[in-house]
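Each of the two complexes below includes chain A, the first together with chain B, the second together with chain C.
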Partner chain A sequence: MLLFTLRRFNLFLFTMVLLTILSFSLSFLFPGEQITNISGKINASPESIELIALHYGKHESILSQYWIYLNHLFKGDWGLSMTSQLPILDEIYNHLPATIELTISALFIAMIVGIPIGFIAAINHRKKSDDLILSFAMIGYSIPIFWLGLLAILIFSIQLGWLPSAGQISLLYEIKQITGIQFIDILLSDSPYKWQAFQDASSHILLPSCVVALAPATIFIRLARTSMLNVLETHYIKAAMAKGLTFRQIIYRHAIRNAMVNVIRDVGLQFANLVTLAMVTEVIFSWPGIGRWLIESIYQRDYTAIQGGLLALSCFIFLVHIFTDFVYATLNPLAREKNRGSR
Partner chain B sequence: MARDNIYQEEEFPSPLVQLWFYFRQSPVVKVGFGCFIFLCLLAIFSPFISPYSPIENHLDSILLPPAWDDNGDVSYLLGTDNLGRDMLSRLIQGTSLTFGLSFIVVIISLVIGVVIGSLAALTKGMKSSFLNHFLDVILSIPSLLMAIVIVAILGPGLSNTLWAIVIVLIPQFIHITRNAVEEEFNKDYVLASRLDGANSLRILYYSIFPNIVEKLISQATLAQSAAILDIATLGFLGLGAPIPMPEWGAMLANGIDLFYIAPWTVYLPGLAILFSVVATNLVGEGMRHALKARKEN
Partner chain C sequence: MNLLDIRNLSIKLLSAQTPILAVDRVSLTMKEGEVRGLVGESGSGKSLLAQAIVGVLDDKWQVDADRFHWRGIDLMRLSIDERKAIISKDVAMIFQEPMACLDPTTTIGEQLEEAVADDQLTGYFWQKKQQRTLAAANLLHKVGIKHHEVCIKSYPHQLTEALCQRVMIAMALARRPLLLIADEPTAAMESTNQGQIFRLLASLNQLKNMSILLISHDLENVTHWTNTITVMYSGQFVEAGTTQHIFNQPYHPYTRALVDSSPKANMQIPKKSRLMTLPGSIPILQHLPIGCRLGPRCPKAQKACVEAPKVKNYHGHQVSCHYSLKGSY
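And then the complex of A and B:
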């Protein structure tokens, strides 16, 4: 396990170096002055530009400029947003938690719905229900997300009036920001209307997270189905059948556990895709997350925000990736053995 | 004594012909393939078959519902939008923008990806490991975010979004080509031609490419469905096709404000996107099934 951790740590370092190089080079690639792009200080006088240039080591070699940029990042100085003139790190701190909430809840919905349906499809392999599930899955991951979001708003918020269509929580509730994650903040707050606020927040998150979850859920259906089919063909299942276990026992005791492991390996890979979907959904549902903030900053040509947002969002995705890798390695001893080199 | 059974002329179909044989077994896949061909034809011949110009305004017939509605007019089969533009013509012309351009995008990124991927497969050691990690990092950035960053560099506009999507799609082609070429290189028939004195490039061109081409095509269909969705999404967000162009995503965004008065301006482009993505996915699915069936036999 130690070697596995070291390898992952190594990969993490490498990724961070690449991502920071990418975001550093973006300040050169974006239109306009590099020094304005990296610091976000627009309309600065020539004297203060000279000061900022000194501050960022503009007159030194490109390598030391990068090194200075890294130092700035570690000190928490990510520049100012060009539109709001607020520090980027504060903006990210305000927006990222909402995205984390949305993506994590969507991921859970996708897994809870998708994986069992995939198992059912695999158990009824080559029957009517299998075909039905597969064709549903095909439509599910072909549907354009912005269209689905609009239809969901039309049906569930306007025609049926069941769920709210925009925002994270009703403006009636005043919740102090402590951790940034809305649900935890509500539980920590000492407001007398805690539970009403909690209900309101959950009814707000339900529709967007279901919209985000649909496409990943269909992918989980397919992954779970393939992995279950593979497991059902293995020798230990045949051995269990030969021992005379009932089908139910085989599925619950042996097949599900082994099939789950393979699905979990791919959760990390799906996460980048899920964040893409969440970015568009945030625009449609006016969700105050980092995706909407990024898309708005492109309309306003806020290049500092795009650099910082790219860095923060990719870090988040990569951390989830590594986390699922660890879960997979803990669950599956084979993955660890292979990394040590099986003898 | 007549030895008539010693030489029987047997026909060995080429890998692609075998693939086609398995491919056409499933009726659903055949329907999907038919739709795919239909969309291709529509994309090529759209200027000739659309009844009106996609940007022509018919100011006397604004927001007409489709013809089957009571208020509809049969000369505008699918109705008109808020500027009196014929929906049917716009949808037909949109095929060549959303669907046709996604085809071109995939072909460009396929070619670039295959070249880089096969070169990568021929190198070993440090460089190859670096490339692997590099691809992992690129693949872990969400495709839309990457496209947004590239659009921010190049500026909005249709051709710039297309380049952005090309760049976003390249890593997966590099990945799959590299893995497929490396897998084939370990097989005996490659060893045989190497013993005959063929160099790596010759082996790559004559022995390996014919055997991995189906894998690449099946990846290309996946990439195309992603490309259609990406083009439409960027169009929807207003970063892709400029205003008068009948790109499906941009049409949908145009219809949002009228969603309650004129729902067909939102339903129809969405259905068109769904239809083309399902058709592409069905072709890809059929291809993967055929590949599997051929491998098993």
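And then the complex of A and C:
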């Protein structure tokens, strides 16, 4: 297990190096002055530009410039946003938690709904319910998310009036930011309307996260179905049957865990896809997350924000990926250590 | 009374066009305490027959039989659930490739414990957990694994093939079966491990009076360990009788060829001469010959062989051939 952890850590390190190289090179590739792009200080006087250039090691070799850039990153100096002139790190700190909330809740909805339905489809293989689930999955996968988001607002917010259509929480509730994750903040706050606020926040997150979850859920349905079908054809299921276990026991004790192993491995891959969907959904639902902020920055040619947001978002995706890898390793003893033969 | 009495069991593969008769009217009887070998080339339907007896074939296969009796109970009259209950109580099966037959994500201990039937346990549910652990350790001792603590905590991939097969046998023993079906239990194993597994099976047969149906493609190895042998070819019944009869005086040309084809240490053969084999290979399921399926390869085949022969019984030595070798001894 230690070896596994070290290997994942190593992978994380190298990916971070590559990402920072990309973000560093973006400051050269974007139009305009490189110094302005990297520091975000527009309208600076020639003297102060010279000072900033010195600060970023502009007169040294490209390698030492990169090294200085890395130092800045680690010190928390990610430059200023070109539009708001606020530090990028503060902006990310303000926006990323909302996205984390949205994506994680969407991921859980997608998994909790998608995986069991996929298993049910596999167990009823070649029956009507299997075909029904598959066609539902196909339709769900092919619906464009911006259309679905607008449709959901139209039906659930405007016509039925069940759920709010925009924002993270009603403006009535004032929640002090402690951790950034709103649900935790609500629980930590000592407001007398704590539970009402909690309810309100949950009703706000429900619609966008369901919209984000639909496409990944359909992918999980298909992943879980194929994985369960494969497991049901293995020898150990046949052996368990010969052992005299009932079908229910076989499914619960052997089939589900083995099928989950294969599904979990792909959850990390699907998460990047899910974040992309969440960015679009944030715009539709005016969710104050990093996706909306990033898209607005692209519209406003805020190059510093694009670099910083890219770095933060991909870092988050990668951390989730590694986390699912660990879940995979705990479920699957084969992944934890090398095989006897390969040593 | 016969433990297992199967008459004319057929297994059809339901494919897109016409159903394929993979096993064609095979009969098999097992007495209590008997060790019977089921011998045939790869693809002769031995494993199918065994899986049909245990009832683990999926719905692609259709099983019919004229008679399928278990200790005098007609299983064909019972519903699927009742049949499964009786079979899983008294019949256990071990498979080839034991490592593939153990759940890779569950420890050996958990898998052993769930094989222990509930009715063997007494007391309340909090006592049962402990009893199960104890039963699992005992089962491992029975199959000759001394260090049960290590074994119980291991995952299948951490054990060797032979150990996995022992664990499979331990699991099979958990329900105290009357019949153990061993489907090539030593395939892909070294000969020392093979010997260990066979000795273990033989001792179980002698000590617990457990009947064993030993499936193998290796006639010579089977003769050491069995009382009686049934030979199959391409899904058809060939010959059945005591091991001495089958090995020394086979009545069927196929069995004769099978016995002759296994080389012996004291054989005097000239240099670079060919070993005795039947020409050709076993037919594939899509192109089965009509009548006796051995026909195209048989040295004795004549015109009558396009009709499937009837089984003839000579004092318990059954043979299915128009031109049996009985007169030549």
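Just a few scattered comments:
Assume the second predicted complex is superposed on the first by the 337 of 343 C-alpha atoms of A that agree within 3 Å, B and C clash if a C-alpha of one lies under 4 Å from a C-alpha of the other, contacts with A are read in each partner's own complex, and residues count from 1 in each chain.
Everything that follows uses one rule, which is that a contact is a pair of C-beta atoms (placed from the backbone, for glycine too) under 8 Å apart; a residue touches a chain by one contact, two chains touch by 3 or more.
Computed from a predicted structure; not experimentally measured.
Once the two complexes are overlaid through chain A, chain B and chain C fit side by side, free of any clash as defined at the top of the document. Of the two partner chains placed by the overlay, neither chain B nor chain C lies in contact with A:Ile35.
In the superposition on chain A, contact of A:Thr234 is made with chain C only, not with chain B. In the superposed model, A:Leu163 lies in contact with neither chain B nor chain C. In the overlay built on the shared chain, the residue A:Ile256 is in contact with neither chain B nor chain C. Using the contact criterion defined above for the overlaid structures, shared-chain residue A:Pro333 touches chain C, although it does not reach chain B. Touch criterion not met for A:Ala53: it reaches neither chain B nor chain C. When the two complexes are superposed, the chain touching more residues of chain A, out of chain B and chain C, is B. Contacts of A:Lys243 after superposition on the shared chain: chain C is touched, whereas chain B is not. When the two complexes are laid on top of each other via chain A, the two nearest Cα atoms from chain B and chain C are 12 angstrom apart.
Of all residues in chain A, those touching chain B in their complex are 11, 14-15, 18-19, 26, 29-31, 138-139, 141-147, 150-151, 154, 158, 272-273, 275-276, 279-280, 283, 294-295, 298-299, 301, 303, 306, 309-310, 313-314, 317-318, 321.
Within the complex formed with chain C, the chain A residues making contact are 234-236, 238-245, 249, 253-254, 257-258, 261, 331-334, 339-340. Those residues of chain B that touch chain A in the shared complex are 133-134, 136-137, 139-145, 148-149, 151-153, 155, 225, 229, 232-233, 236-239, 249, 252, 256, 259-260, 263, 266, 270, 273-274, 277-278, 281-282, 285. Those residues of chain C that touch chain A in the complex are listed here as 51, 54, 56, 88-89, 92-93, 95, 97, 100-106, 114-115, 117, 155, 157-158, 168, 171-172, 174-175.
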